[in-house]
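Sharing a structure below in structure tokens format, with a few things to ask.
For clarity, chains are labelled A, B and C in written order, and residue numbers in each chain start from 1.
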Amino acid sequence: MAGKSGRTISAVPQKSFMKTILSWEGILLVLFIGINIFCKCISPVYNFTNVLREMPKYLTEIFLLFPMAYILLMGEIDISVGSTVCLSATVACLVSNAGLPFGIVLLAGLATGTVCGMINGFLAVKFRELPTMIITLGTQIVFRGIAEIALGDGGSVSLVNADGFRMIAGKVGPFPYLFFVVIICAVIFTVIAEKRVYGRSLYAIGSNSRTAFYSGIKVNKVLFTAYAVLGFLAGVSALFLISATYGANTTTGKGFEMDAIAMAVFGGISTAGGKGKLTGAVIAAFTIVCLRVGLGQINMNAQVILIILGLLLICSVLLPNISSALHKTRKKA
Amino acid sequence: MKKKILCTILSAVMAASLLAGCGNSKEEQTTASAVEETAAEDQEEAPEADAAGGEEAEPETDAAGGGTYALVTKSAGNPFNEKEAEGFQKAVEAIGGTAIIQHPESATADAQITVIQSLISQNVDSICIAANDENALQAALEEAAAAGIKVCSVDSTVNVASRLVHVNQAGVTEIGQCLVDAVYDITGGEGQWAVLSATSQAANQNAWIESMKEIIESDSKYAGLELVEVAYGDDEPQKSTDVTQALLQNYPDLKVICAPTTVGIAAAAKVLQDQNSSVKLTGLGLPSEMAEYIGDDDAHSCPYMFLWNPIDLGRLGAYTSAALVNGDITGAAGEKFTAGDMGEYEIVTAGDGGTEIILGAPFAFTPENIEEWKVVY
Amino acid sequence: MEKKSLWKKITGSREASLVIVLIVLCALISVKSPAFLSMQNILEILKNNAVIMIMSLGMLCVLLVGGIDISITSTLALAGMSIGMMYKYSVIESTLLGFVIAAAMGAVCGLVIGLVISWGRVLPIIATMGFMYIYRGLAYLVAQDQWAGADALGTFKDFALSNSLGLGLINNVIVITILCYVIFYIVLKWTKFGRNIYAVGSNEEAARISGINVTAVKTAVYTIMGLLAGISGALATSVYASAQPNMQTSKEMDVIAACVIGGVSMNGGRGSVLGALLGALVLSVIAKALPLVGIDAIAQNTVKGVIIVAVIILNVLTQRMMDKTNLEKREM
């Protein structure tokens, strides 16, 4: 078949080795290795065991990355997820302290997260003309506000009996359980995004929501589900967070939303929707985690680390843009 | 093809800029953080293998020399924490160890957990921490203890299970007593007063406020004092200002505001002084921030206030860490140790069932001595 | 053309419905706390929220071109902290110079953001999220763990106390706020640049084809936002007589909320100075009133959030009603 340009387009896309390497995911992989070598050089204690041991704190954020990527793929956003984590953690702790069995505690945490997500989804679907940014800005304040009320004057609750949560924080060899859960989630979410109708409809909605609607995709349903799933995983994240803090307070989960969005964007997912791959986001997430662990180990000023992450975020979008712009002008010339 | 090459180059540039970024920022960092850098570099050059420690360390005794002592503050960008860190640094240098000062990226327990995990990896000898949440650090600190790291808290305590001993700036009841007496004195024995605190979950502030309430209830001398409200300014100047103004409007008969937090007291002092209000202020504040507002006449809003010396607090934290590492103390009540040139301190039982070391009584800053202290901290 | 009835006028205009919301709010509050509508209190509200109100103007422009800026409070902190340290170490003394330096720093910060967004074609939310971290981090580095307190600021803090600019009647801070609003009202309504902003926001492609330099307009808008954030940094330092590296953290969301409450569309092209003003006022009144009416400190955030969500939804419903009436008219 001859395309417009006269070139032949084969039905099966060719994937040369060079192309794989030079895709954004390939570059990220190179960067991931590069950063690991870099960290190894600067920090004498940067090794496998230590990185795995420091990782759980960051892994709780990576949970949120997957559904957040889905939402970003649709061109929407959720900045209330940190507050959802806070509220879920609060509810789980309060239920646990009420002496109820551990299973119910887990259920309570997950249910709270899911309900929060469903509220966001409901508002997003019912008021399509409102940007989700502003809806979730509102719910961000409300969810954390409710958690503040529930926590009462002390603003913090700690588990009376942390046995169940100690179990969650367990390890298989050097690998924390959390690690496996994150990997499983990563696989499931990537497969759905790449191979399933649901995943492909995310891309369709992100490219053009109206076209997607007219071509028979149930936009509202997809949107609602994505928010509900994000809420659910925020609940999961909250449970693992409790296993690291044996409690919750009003600052629990603060800034998670920004971290999750930053990881997704660094992984090549466009906040304008329709573009990016989950594999990229996963590699990006682990790259950032490794970098933070490495820089933390040489006791770099925390603010400087934030500056570096900010630069990294901007450069990851800016440089490809500039390169393609240069390419275009050269073509014109 | 050109595009591909360009892409590769750019990604290489990105990686390079990352490395350069770290390099540059290292140079950019000035005095305060430079110290941390040297500490970190020392570590790089001489990891655990060299027991004598880094180049600048002067090992006096084998037992004390070469240790690595870490201090984790509540947050960056707060002069109180900085002074505390300064004292800690000095004391560690005096005993010939290496100090690691870490300010978490934000004033949350989450950020502190990250820092603690990193310190465990670095295999430090001790961690001295000013906690943002009493209980949330337990898992991380238990892990540190399991790795053989001696843990003590300073300024703001962690729960009993997480620490060996707490270095307390002053006894909770002592501070409560001081503040109640100040309120009693300034009101003239009776009238309405209010508390402007930090956040509602600040452990220190809550303990002090609780103790103040107990003292007032327990002694009929204070029967004339009426606590109308405990307001929270969240340690934000803007919110503290709003809340102070609301207090003034809601309680026209208010006589005294007591603000046991450095941000709140400064914001409240400004509101009262700007409005020429008859309401007076006392509490806990930094002399350098409060010098402008302290005075006996009507033009000043704060007759006097209290605080302790954050530098000494940091130093005592360092000496306590060293004593724990050397095995001079185990953190049990009744033990005594010599904190360098600060003299001898005794470990006592704390209100929460654990043990603590008390730095001393809170110090009063009056119009007479404020000029002298505002340049110190 | 038939004359609109008063009722239609009110339901038909977003600003009018906001005015009603504001009046109802004030009325409810003054029942509970009669002192609320006193002159002194109103001036206090304006003064304490000057920073939010001024930045809302910049945010209005940014939202009008279809962008967003969440780095503003970091820019504010960097500018405020820098001049704070300059006063502390007596590098500068003059109040005016402080404002000029802060404004210039803010403008440069904004310019960089603008260039990255317009030339580098980075999405605004990402670019400004990155700069949010960068500028905030720089503010911490500038501060070196110090504050610039009342003592260090010398005469600079007197600016926020004196009424010299307001002919002895109105506080300087409020005068500057009013000045900003007047300038922006004129610029957005009657100048070419102002209309260009609307044009770019309504339809970027159409604007480009009709000869508007879209890149320049976008860059200018972010520079203006930075400039206002810089001025706000100086104002905040003066009003609170204290510069801290974490000042006004996460207040950018309040500014965005103020604009959206005021009916500014986040998709660009729709919104007015009056709307931004009303939105900022609603938020300021809420912030001030919650402690006054005796709502528990821990419940205040929830109430605030619920009110924000309610007002936004009310906005949408008004808009829907407007669209519906317009449609009905067309059928006739």
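Everything below uses one rule, namely that a contact is a pair of C-beta atoms (placed from the backbone, for glycine too) under 8 Å apart; a residue touches a chain by one contact, two chains touch by 3 or more.
What you see is a predicted model; the values in this text were computed from it and never measured.
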{"item": "Far-end chain from chain A, centres as C-alpha averages", "value": "B"}
{"item": "Top chain pair, ranked by how many C-beta pairs fall in contact", "value": "A-B"}
{"item": "Chain centre separation in whole Å, for chain B relative to chain A (CA means)", "value": "34"}
{"item": "Centre-of-Cα separation between chain C and chain B, whole angstrom", "value": "34"}
{"item": "For chain A, residues contacting two or more additional chains", "value": "148, 151, 153, 155, 301, 303-304, 306-307, 311, 322"}
{"item": "Multi-partner residues of chain B (each touching 2 or more other chains)", "value": "29, 33, 76, 103, 200"}
{"item": "Residues of chain C whose C-beta touches two or more other chains", "value": "140-141, 298"}
{"item": "Contact footprint of chain B on chain A as seen in their complex", "value": "18, 22, 27, 30-31, 34-35, 38, 42-46, 50, 53-54, 57, 148, 151, 153-156, 158, 169, 243-255, 292-293, 295-308, 311-312, 315-316, 319-320, 322-324, 326-327, 330"}
{"item": "Interfacial residue positions of chain B with respect to chain C in the complex", "value": "28-33, 75-79, 81-82, 85, 103, 200, 231-232, 237-238, 241-243, 245-246, 249-250, 263, 266-267, 269-270, 274, 286, 288-293, 374"}
{"item": "Of all residues in chain B, those that touch chain A in their complex", "value": "2-4, 6-8, 10-11, 13-15, 17-19, 21-22, 25-26, 29, 33, 36, 39-40, 43-44, 47, 76, 100, 102-111, 113-115, 117-118, 120-123, 132-140, 159, 199-202, 206"}
{"item": "Chain C - residues contacting chain A, complex", "value": "68, 116, 120-123, 125-127, 129-134, 136-138, 140-141, 253, 256-257, 260, 266-267, 298-306, 308-309, 312-313, 316, 319"}
{"item": "Complex contacts: residues of chain C adjacent to chain B", "value": "33, 35, 41, 44, 48, 140-141, 143-147, 149-152, 161, 236, 240-242, 244-248, 251, 287-288, 291-292, 294, 297-298"}
